[in-house]
Amino acid sequence: MKDIYIADLTGFEEGKFFDSFFLVLQKQQRTTQTNKPYLNLILCDKTGQVEGRVWDLSDPRISKEFDRGDVVKVRGSVSRFNDRLQLKVDQLRKAFAAEADKSDLMPATNYDVAVLWSELLGFVESFTDPHLKLLLSTILADPQIALAYREAPAAKQLHHAWLGGLLEHVISLLKLADRVAPQYPILHRDLLLTGVILHDIGKVRELSWDTGFEYTVEGTLLGHIQMGAVLAERTMDSLPKFPPRLKMLVVHMILSHHGKLEFGSPKLPMIPEALVLSFIDDLDAKMQAMTSEFDKCAREGKRADELTGKVWALDQRQLLNTRGWLGEVEESDSRKPEI
Amino acid sequence: MKDIYIADLTGFEEGKFFDSFFLVLQKQQRTTQTNKPYLNLILCDKTGQVEGRVWDLSDPRISKEFDRGDVVKVRGSVSRFNDRLQLKVDQLRKAFAAEADKSDLMPATNYDVAVLWSELLGFVESFTDPHLKLLLSTILADPQIALAYREAPAAKQLHHAWLGGLLEHVISLLKLADRVAPQYPILHRDLLLTGVILHDIGKVRELSWDTGFEYTVEGTLLGHIQMGAVLAERTMDSLPKFPPRLKMLVVHMILSHHGKLEFGSPKLPMIPEALVLSFIDDLDAKMQAMTSEFDKCAREGKRADELTGKVWALDQRQLLNTRGWLGEVEESDSRKPEI
Amino acid sequence: MKDIYIADLTGFEEGKFFDSFFLVLQKQQRTTQTNKPYLNLILCDKTGQVEGRVWDLSDPRISKEFDRGDVVKVRGSVSRFNDRLQLKVDQLRKAFAAEADKSDLMPATNYDVAVLWSELLGFVESFTDPHLKLLLSTILADPQIALAYREAPAAKQLHHAWLGGLLEHVISLLKLADRVAPQYPILHRDLLLTGVILHDIGKVRELSWDTGFEYTVEGTLLGHIQMGAVLAERTMDSLPKFPPRLKMLVVHMILSHHGKLEFGSPKLPMIPEALVLSFIDDLDAKMQAMTSEFDKCAREGKRADELTGKVWALDQRQLLNTRGWLGEVEESDSRKPEI
Amino acid sequence: MKDIYIADLTGFEEGKFFDSFFLVLQKQQRTTQTNKPYLNLILCDKTGQVEGRVWDLSDPRISKEFDRGDVVKVRGSVSRFNDRLQLKVDQLRKAFAAEADKSDLMPATNYDVAVLWSELLGFVESFTDPHLKLLLSTILADPQIALAYREAPAAKQLHHAWLGGLLEHVISLLKLADRVAPQYPILHRDLLLTGVILHDIGKVRELSWDTGFEYTVEGTLLGHIQMGAVLAERTMDSLPKFPPRLKMLVVHMILSHHGKLEFGSPKLPMIPEALVLSFIDDLDAKMQAMTSEFDKCAREGKRADELTGKVWALDQRQLLNTRGWLGEVEESDSRKPEI
Amino acid sequence: MKDIYIADLTGFEEGKFFDSFFLVLQKQQRTTQTNKPYLNLILCDKTGQVEGRVWDLSDPRISKEFDRGDVVKVRGSVSRFNDRLQLKVDQLRKAFAAEADKSDLMPATNYDVAVLWSELLGFVESFTDPHLKLLLSTILADPQIALAYREAPAAKQLHHAWLGGLLEHVISLLKLADRVAPQYPILHRDLLLTGVILHDIGKVRELSWDTGFEYTVEGTLLGHIQMGAVLAERTMDSLPKFPPRLKMLVVHMILSHHGKLEFGSPKLPMIPEALVLSFIDDLDAKMQAMTSEFDKCAREGKRADELTGKVWALDQRQLLNTRGWLGEVEESDSRKPEI
Amino acid sequence: MKDIYIADLTGFEEGKFFDSFFLVLQKQQRTTQTNKPYLNLILCDKTGQVEGRVWDLSDPRISKEFDRGDVVKVRGSVSRFNDRLQLKVDQLRKAFAAEADKSDLMPATNYDVAVLWSELLGFVESFTDPHLKLLLSTILADPQIALAYREAPAAKQLHHAWLGGLLEHVISLLKLADRVAPQYPILHRDLLLTGVILHDIGKVRELSWDTGFEYTVEGTLLGHIQMGAVLAERTMDSLPKFPPRLKMLVVHMILSHHGKLEFGSPKLPMIPEALVLSFIDDLDAKMQAMTSEFDKCAREGKRADELTGKVWALDQRQLLNTRGWLGEVEESDSRKPEI
């Protein structure tokens, strides 16, 4: 069991040994400016990444039998170079399967996935439209999809970029959609919620998350919009009584959910539910990115009433934490939304 | 009292006389292609506009003493030219002050303004932040502002372009904001609602609505964003204990609510409340524009499962009414949102 | 049999009667400025459109039993209004099924569709890749698709906007692709040609061409890119041995053929064949639009060395006919490309 | 008194000691690649910045009692690393208040601020419009504003980024405006000059210049356009007889002076004076940026007839110094415009 | 001699005869809605255009021997149709060469062209750079160029769109450049003025102004930038001692004077003189467009304190006349800049 | 004669000496972090660049008499720093003129330039239009142009960035144009081929390739489009019978070949040949960039079925090698197009 995390290392004394498990994201042989060879590793766990260095390549206590994607057990100590933390590796071996848990080794949602999943099923259960209910039950009953839906991150970098991020984002959106729907009587609640559940389902194949978060070749060539639309269409085709007109709307919602052609949607939203979906999807992603940025600043020791740096996911604007600015928040306040 | 409206005229028999009151939007002398002179009028009431023609300019029963902006009593009959309705004017005189009600003569909200207003005050009453509560109470207690806030349209053309439209839009937004706020714990509910109430307050001076809806010169040169920010800032300055840091956030929300520089906001939203405000403002405007377009199509006799024409307020896209397309709606169904 | 075409009417004497068959695109009751009622018709055949007017609505020789989409037999005469030709209708009745041929009544390709179709099959026959050959044989053997593929226009307005236009455009592209392919050894010829044949196949459902050229509701909501991709994917899924990696490339070519996100492609071309397809598709469409514009100017009597007006399909630029400008062309030269 | 400047160090012999005063912009503890700890400082004076290093952290002659923003007295010597100059710190202590002058320690205008200021007042004196004269006299008589107006830089980086830069830019613009005004009789000279003097006045609060040049939180959230407009509006409101129509124009000029919405102006220039202001403001900034770039190239030893590198403030274009290219200029010619 | 102008006709009594000379811009045979044939003419003189109608085509007093581009003598009377003035033609014949002056028949500068021309030569005379002085003397001594330079409009529509407009624009720019040059010591005055004189010289061939203002085919294919650059280059090549480095700068100024690639300049301004030229060229064009718009509003009877309509040449913005708004101007004030 | 190339060094053992010739692209004195001085060189040959270091500056076997642009003979050995190869210089002297061939020292086309050149002349020989044939014969007979045309790269970085690259690109385009021309009968083949041969001819002066590939000052200020147009125009002017209308088209093709204003073409393509030229020029450049990227990935040891990185010359998209992905290609397959 892993009990020392990368996020903890900041406070460690230099040179003092500790043991822990990490996932190897990168492994390269390098030399210093003065030509001394060493092994450079990028190691990660759920709390972040750290650069590791092996200086004595011939030390028998350093296994040679490991590669990118492996989980390793490391004994090492902390040092600092140009204010950046480094891990000096003293001993290293491949971990046994039972020694470490994948969810400890990559960034993962803070929520209980089982709870999120049952919330998702609860929403489907609440549908009054029998066709949409059947559609979603059918898709979510597929064991492969169900497994991937629970694991997938929502993005490689931008927002909810962690294991379970897709599900976390969808649950947040479902709650938001359920709040917004009664406001506008022209909205078909079940259709809107169907759009929420299916809009990013293509990401279960667009992304891979075995060794860090990457786009698959298929994901790069086709995109999650197309892959999700095909998955939905194929399932609806398999349901003998699914109304063709309703099918068209479900596919349209998936196609148009990015809201603009230049964001990769081949169609603009043309029905009320698609319009709302594109708005709340964008809003929820940006709110999550804001929250993450404030958390990151807090972790990095910034004062709560300072501006953040320029945030890439928000068009390079700087942000200000309202409560921090108004002095209403403890520096270390951690606000996990109750999604 | 007015009891015949322009919207009713479609069904009228040609040539049969009726009496009613109208507001004169335009008055011009013209000639036909064959050089026959006539008086061309644009007349309106709350249900729309119609072109009126006076063919006998010397008829003593046609008053000459009226102008753009006057309310007139007209006796006339309906005719049709190239499928467009015209009103042949037989008699015309200026109306007496007591004869017609302004709210009958310009497009106006379908809601009871007094109810909306008390809902607005109710929201302010619900605030827990004493400074923001005092700020809004002070502004809304100003009789001039209160009157204008109840009358102003939300726009000249795009959305909520009718008397009371501003208030209707704000109430819709307040309810929406109140639904969204609990979803994200980093949101300061009272600040968000303050932004909602004040974001368009500059429109009470940017627009004039005495004779049709027009931009004032001041509105054109300065814009409602600037005028609203100054109004808010001045009021906050008059409250001795208003926290300067909070003041900055209120002004920032007004400045940034259009969400993009190219839409006239000099700053992008940088606090969570400003981000949410810019999203829901845009969403509510577009949902209202969609609803209006579906209503217009229904009035014009389009089938409920047809696409609309290209809609200017929605980037020239065509729209489809979900419920109409799915056959779940009566053609004449009129869905007034319960805002 | 129809022997008088709308394009012939320019030279007709005013008032002299003739008989012919037309398709009714529009039928509306109107009144003149002086309130005289009349029936306004938009009539078309393969050579163009003309406005028809029925002045005596009660004339028993004018049938009332016809509507938009019907073929009618008309006796009438030509008149001119503001330099525009009008057709004064003297007699009118619905045509019998056998009296007129649809290909005479809508703009249609000048090529022999049977010849084009066998050229298309010839290209497929030439494939060396067995999977792609089977894929295309399977699709083109579907009788419904084969019929629609021969009839469909390539666009509503921009280019090849006539019956058979899709097939004509594809044959032109196949020849062009076959010329370009040997130039670049990295190109997979059969894959490129597969992309050419399938890239616009979704148009057989995106457009309807029974009564003029219109977008279907499905076409508007989903688009021919998505509809074509799904059709191709479904067929490949039905072929048990179709290589999954090849399937991905075929779908990618359909998705990316517009070349830019803002033109509705959800993905940019990322393989050599997709890049070439997007270039030659755009080039062929623009060359056809240029040729059509020069033909139109010639028909309208412009001198061959004058600039055209601003051409919408070419970003509003003006064009110059090289050969006309150099005096190497007879005014009436009609150059039908030998596709 | 400081008599050795950073710009002088280029010529210094390595290892030879000297003493001088610097402002500390940054102070960080670091280690070398081989883990040797050192103190890294960014030091500046009016001629530039230099990196300083303290290698012996325990040396008692190196005070520990100083921080970012302090002025320090340093004894050290020059070294070079990768062609970049470094300052090896031998001794260091906080300076006494009287020892160094702030205007020596940050980049500052080359002009005599007192002279510039009296030129500014002279322009106001020349006004014939009594209201505008009173407005400006009132604002410039405010001691706090007057002080800040003399100190503020015109920008953080782009142009006139030095102490007194705002005033220098304004004087240059006043002279330019005074030259341009007689050219166009529709121009109201005093209004144009008022716009020049007030257009950037919000920068006195948008920027801070105590420790390097930074944006304040208020400046980031509201921007100098808004802050300047409010300052002007408040002053005009305090003048009982200031004509409301004139006030509107003054505010409009401040709001619109960036010339485009996407540059942060919420309104486009709509009066002749605002149009001219937006042009000359942009031109003067770009001319200053060009001049600075040529000076920088000369300082860096580039030949006078070479192209500069890509200049960020001029859309990444390269520049050529006309006189240098034509051989009409000595390499070391320093042309200070006589503003 | 012409003594009645189109601008005068507004006040004329309907039906009363008058005689005058006009240039024929267009001649077309048409029919009314009720099929009555008539001849439709577009006639112009220096004050504007008017539609003329000949109703009796067989009247022997109406010559048939005239065409587009001819000057005609007309006897006719004024009528009005839909508020637009029409000219009912009673008699018409081609004018004799001596009867009318071309400068009376097309819009032309209000300045004395001879005076402007001698001002232009005066500027060249003031040069101290012998090469540039020789270059300009050579070009302006070419009789064909000199004639065209005095006649050419500066544009087809946007600004200075009248005979002599190019010269008027250049003189205004020369004066402006001469005011701006001393402000920036890095500017080479003679080079800047050379750029001003040559920047639009290609317009003498890009435009034709014999019958209205049109683009030539060459102008459309090559553009005045390219044509002017070639003319300048060819002349410099013919001057044996012209310095090659100076030549490059002159050509660069012509190429870059539109300031942006998307405005048709193949290069951005990279020397100070080119930067200034692009700014003042744009500014002078916009100031002229503003002045024209205010004049047009005054002629159309708008109040001096009203906003104009949306102005095409100024990005569709509305404008406000400062002096009119402030009440400092008589409605009919006509301000001809003293260029 | 050079027989060891930079591309070969990857496999060399560290520390083992070898001799070879290189071109010096850069020479700078530097110090290590620990203040040890050394000489840093950038050396190149036709296969790439390498960083060289001279550690013993006083070693008499290291000549001091060489500079940027010189060819040098070097004895040294390979070392590695941060995975990048370095060349440790042991001895160095300037090469004698006869010792090394320039085409060995800079990246150069893989084709035989003499063959390409005779193919070019063959195309000209095939022309049927006597004027265009004479024009090209005249230009290509100019010895200076002919030499430069054979040497010039087609670009500094984007595509065909090697000696002979311009000629290689033109031959590829000629073949492509010759394939495309018969497809569209409105195309004037000789004019199209003329455009191909001349479109980039300005690059022989826009770029310099003596010491690496650089833009000349003239090239930066005027651009190859303008320089090519002037060269063509001047030659046509020298041919007494060259038809003026044809000349205009040739110049238009050069001006418009970038296809868009924002890419530096002052005119859009307006004739069919210009449109085709702009398409095939862009296509050929992108196909070459794709091929180069695949080759680079192969050289860097990427698997043939992996995506490339983001490619700058293709709008940052990733690419996939079709044949590699389908497993139809050996990793090391090198496909030189038979242009």
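Labels for the chains are A, B, C, D, E and F, by order of writing; each one numbers its residues from 1.
Convention: a contact is a pair of C-beta atoms (placed from the backbone, for glycine too) under 8 Å apart; a residue touches a chain by one contact, two chains touch by 3 or more.
Here the structure is a predicted model, which means the values were calculated and not measured.
In terms of the stated touch criterion, the partners common to subunit A and subunit C are B, F, listed by label.
Comparing the residue numbers each copy contributes, subunit B and subunit C share less than half of them at their mutual interface. Each chain gets one centre point, the mean of its Cα atoms, and the points for subunit C and subunit E are 44 Å apart.
Rounded to a whole number, the gap between the C-alpha centres of subunit A and subunit E is 62 angstrom. Annotation for subunit E: residues touching 2 or more other chains are 32-33, 217, 220-221, 249, 270-271, 307, 318, 320, 325. By the contact rule set out at the top, the touching chain pairs are A-B, A-C, A-D, A-F, B-C, B-D, B-E, C-E, C-F, D-E, D-F, E-F. Across the interface of their complex, subunit D is touched by residues 217-218, 220-223, 225-226, 229-230, 233, 248-249, 251-252, 255, 261-267, 270-271 of subunit B. The touching residues of subunit C, counted against subunit F in their complex, run 172, 175-176, 179-180, 182-186, 188, 191, 243, 245-246, 249, 268, 270-273, 275-276, 279, 282-283, 286-287, 290-291, 294, 307, 315, 317-323, 325-327, 335-339.
Note for the complex: subunit A touches subunit D at residues 32-33, 79-83, 305-307, 318, 320, 325. Within the complex formed with subunit C, the subunit E residues making contact are 28-33, 35, 217, 220-221.
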